[in-house]
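Per-chain residue numbering starts at 1, and chain names A, B and C are given in the order in which the chains are listed.
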Amino acid sequence: MKHLTLAAAMLALTAGMAQAQQDTITLGMVLEPPNLDPTGGAAAAIDEVVYANIFEGLTRFGPDGAVLPALAESWEVSEDGTVYTFHLHDGVKFHDGTDMTAEDVVFTLDRARAEDSTNAQKALFTGITGVAAVDPLTVQITLAEPNGNLPFNMAWGDAVIVAPESIDTAATAPVGTGPFTFTEWVQGDHVTITRNDAYWGAAPALASATFKFISDPNAAFAAMMAGDVDAFPNFPAPETLSQFESDPRFKVIVGSTEGETILAMNNKLAPLDDIRVREAIAHAINRQDIVDGAMFGFGTPIGTHFAPHNPDYVDLTALSAYDPEKSKALMAEVGEIPALRLMLPPPSYARRGGEIIAAQLREVGIETEITNLEWAQWLEQVFGGKDFDLTIISHTEPADINIYARPDYYFQYDNAEFQALIAELGVTSDPARRSELNKQAQEMIAQDYVNAYLFQLAKTGVANAKIEGLWENAPTQANDLTGVRWTE
Amino acid sequence: MRLNAQLWIGAALTAVFLAGAVLSFVWTPHDVTALNIADKLRPASSTYLLGTDHFGRDLLSMLMVGARTSIAVALVAVGIGLGLGVPLGLLAAATRGSLIDEVVMRGNDLIFAFPSLVIAILITAVFGPSALNAILAIGIFNIPVFARVSRGGALSLWTLDWILAARVAGKGRLRISLEHILPNIVNLLIVQGTIQFSLGILAEAALSYVGLGAQPPLPSWGRMLAEAQTMIYTNPALAILPGLAIVAMVLGLNLMGDGLRDLLDPRVRRARA
Amino acid sequence: MLRYAFSRALSLAVSLIVASVVIFAVIEVIPGDPASYMLGLNATPEAVDALRDQLGLNGSLVSRYLSWAGGMLTGDFGLSYTYKVPVADLVAQRLWVSLPLALYALALSTLIAFPVGLIAAARRGTVTDYGIMGATQLGIAVPNFWFAMLLVLVFAVNLRWFSAGGFPGWSDPGAAIKALTLPAVALALPQASILARVMRSALIETLGQDYIRTARAKGLSRRQATTRHALRNAMIPVLTIIGLQFSFLLAGAIIIENVFYLPGLGRLIFQGITQRDLIVVESLVMLLVFAVILVTFLVDLAYAAVDPRLRRRA
């Protein structure tokens, strides 16, 4: 009897909470942003909180990855393709009440491309030679040479518009133009944002939203199950998704990301400077086992560094099909090689995938030595110091095959032919030619077995079944809440 | 009667795990490093006596090799404590009240003052996670424990008449420490060693649970728990069995330690009578 | 007594200095550059170097140690690399989780251990005693993080009585205490087991002493003798253990805080290590060491006040 009343009281309590929750939402995130200034740090977690919610750029990414107008309602390009004129929306205000004008755009872009800029994506701004305010609502950007990608570049979280008055506090108290204003950040726990009633665009349905940081997959699962979190757009425990699918309280949202998950190899360091060793590794890997074992079936096998949902994608998986006999034959030709150092960053695709790959390589006689690294160590030792043989990482930036044209990039692929190809791609605006170049690039890196291409990371999200409007795919790292609402 | 029961139950539990660990060197039901994704998350069956994990590895084999990892880490950590702590404790006792004694004892206090788990995490973060660094991190905190125990035991011996007699007979302090003191504190050290051994198992489990112990593909109980955590709802055996293994092993050692203390320490025996 | 207190205070100071040097040295060796971590994957080397300058990471070792140690003395713990807020604020914020959690767990542990230890001592040698002793053995052998997992499984996921983790803040004290309940239980179980055993043996020891026998001979019942005399004398070792457990709970909750994702001190250290927020790590470890050394110092003084024989040791 006593238990019954307790249970009844609990029910009443939770029901009451559900009532009050109609226009607020709690989202789970794996990583906490180190700060909240997307123009001063590259951590994806920053964009996952602020992109499209607090900060907006001249342009923005839509849910399907298309570049849409944002603060700039339209733009045109000069004949020779070197001058872009952006026309800003009228009546846009920052959250502190000041007007957003062309001067703020000039300030933002000048700051981002300055010598001492700590913007992590400075490459987005490299071709820009001048930014000028024509009038309060018109901005002109001058380029050194034509770049059809400028509107795309301006859509990134690193290019959002900030104001000189509030930039000093952006790291802890961001002030933007978006539909939500920053409310509080309890470090180590959550960030809360509240609807901006003075927003220039369509008002969002949610009155407020809380981003809760839960890095432990088990805690994430428990929080979701217990209803502490309403949605977890990038759920860290794929092994539990079947559990959510069978529970009517939840829905599982599976979409695509821009994350090519690769077994990166150090192309300059022996023995991986030998293409036969790299090819042997590629043929020793059974992608389906990795997708099944590490991702519990979520993920699409890829054969090159390109997203399968992209129209220009070429399926090259056959080039590196699972063929352990071929691997053994190649390795017999090469002879003995020392154990390879396999460095694994924290995400479960890397840790679990690494164990599977180590076992698959052992089958063909290639020994590995696994080291688990925290992100900071991985960035310093692998990404910065290039002190590794193998590593597993998902490259989540959109359309980033051009990293193979950077010989100093951590996997150190140095091919002049490929670099020329990417250079041509950078100045080509004809869609047919661009598509052809993209395909050539994909084939070139696949034939050189630069890295072993594993699978396209799936976006596996879990949400309360009554929530709609969350992004299904992840064309960029963001949790755009403008269209999110509770149904009932 | 009870004394024997405690000792025997403890010894039996410990023996089971030791046997499993030793056996795992020559034979396990299945290969623990070979993955078999097609057979993942199987329930217990005649092929897989305790079922398989998320990579299709045999759980029983994993537990056996995991016992080996735990025991090895804890044992070597105890060895570090004994090897460095006992000489320091004996030295401090032999030179009682001297500067050496003071430095040793203050050093001990200092190590005791450090929050051990935090420091263990720091050490593994500095030198990289591995079984070896876990051993070091645990072993360091064993040094002051053994130094204190052996100093305390030795001090009470130094006041005994026959030790004084040996001293008068011209034997040096070093010789007395080795010939007379050490053999008489062995009982104390065995009891303390058993306790530190069980604490070491717990510490190793905690470290590998947070990913700072033995690295894959070497199985360890703590990491098995961490990996199975999200599957506790669908495959509870994966998260429950390694936990039970830790509990049983630690319980066995503690019971054995208590039983040994009762058996070896005459003071306790008298109190019980 | 004063001389003793002074000499102990001196060694306290020396310990703190040695500890600060050790901590600083260890932190310096940690691989991983906070600046490159903060800027992420595609950061240019110039951006990283600019940030290193901003953070004051380019100074010499000695000057950095002195400014850190000097700052600690004046209560200025520096600025967190990752959060860009004063470390002291972060610590204060986290203390509001860790301190109540430690006290909660300690209270639970004491509440369980006292009656249990008392009963075991009173019923010494009976089945009850053996049962209790067996149960405490089990309690000591259970890893607290595994126990926490089981608690979450039963009480948060299946019964849904408690939330699985997180901390709602103290604006609603009821909710805050509820959120700390499962972690406190997970932390308290092994501590209560240890404490109950200490309690039992301390009681048995005092019960065997002459003055208790005298009291019994004077006609006091065993229960009266226990509560009036033995309990008071048995408190000395029990209180020592409680003191030690408190500092352990403050620092040792690190894994439990992770299981329940509580924003406490332990998790702050762990986050600090993984994010290379070294200033947070070194300041926090130093604070915890200070807390433990201080507790030991106070316990020593209390002992000396009670037992004059100890003062001669110094």
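In this section, a contact is a pair of C-beta atoms (placed from the backbone, for glycine too) under 8 Å apart; a residue touches a chain by one contact, two chains touch by 3 or more.
Just so we're clear, the structure is a prediction, and the values are computed from it rather than from any experiment.
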(Q) Using the definition of touching given at the top, classify the network of chains in this structure as line, ring, star, complete or other. (A) complete
Q | Chain centroid nearest the full-protein CA centroid | A | C
Q: Compute the distance, rounded to whole Å, between the mean C-alpha positions of chain B and chain C.
A: 22
Q: Measure off the straight-line distance from the CA centroid of chain A to the CA centroid of chain C, and report it in whole Å.
A: 39
Q. So how far apart, in whole Å, are chain A and chain B when each is placed at the average of its C-alpha atoms?
A. 44
Q: List, in ascending order, every residue of chain B touching at least 2 other chains.
A: 125, 229, 232-233
Q) For chain C, what residues touch not just one other chain but two or more? A) 31, 149, 157, 258, 273
Q: For chain A, write out the residues touching at least two other chains, lowest number first.
A: 218, 374, 377
Q. For the complex, which residues does chain A have touching chain C?
A. 10, 14, 32, 34-35, 41-44, 115-123, 171-172, 186-189, 212-216, 218-219, 222-223, 225-228, 346, 374-377, 379-381, 383-384, 397
Q: Could you please specify the touching residues of chain B with respect to chain C in the complex?
A: 2, 106, 109-110, 112-119, 121-123, 125-126, 198, 202, 205-206, 209-210, 225, 229, 232-233, 236, 239, 243, 246-248, 250-251, 254-255, 258, 271
**Q.** chain B-touching residues of chain C, taken from the complex the two chains share
**A.** 11, 14-15, 18-19, 26-27, 29-31, 130, 137-138, 140-143, 145-146, 149-150, 153, 157, 204-205, 208, 247-248, 251-252, 254-255, 258, 266, 269-270, 273, 281, 285, 288-289, 292-293, 296
Q. Where on chain C does chain A make contact in their complex?
A. 31-34, 36-44, 46-47, 50-51, 54, 80, 82-85, 90, 93-94, 149, 152, 156-157, 160-161, 163-167, 169, 258-261, 263, 267-268, 271, 273-276
Q: Write out the stretch or stretches of chain A touching chain B in their complex.
A: 217-218, 221, 237, 239-240, 242-243, 289, 292-293, 351-352, 354-356, 358-360, 362, 370-372, 374, 377
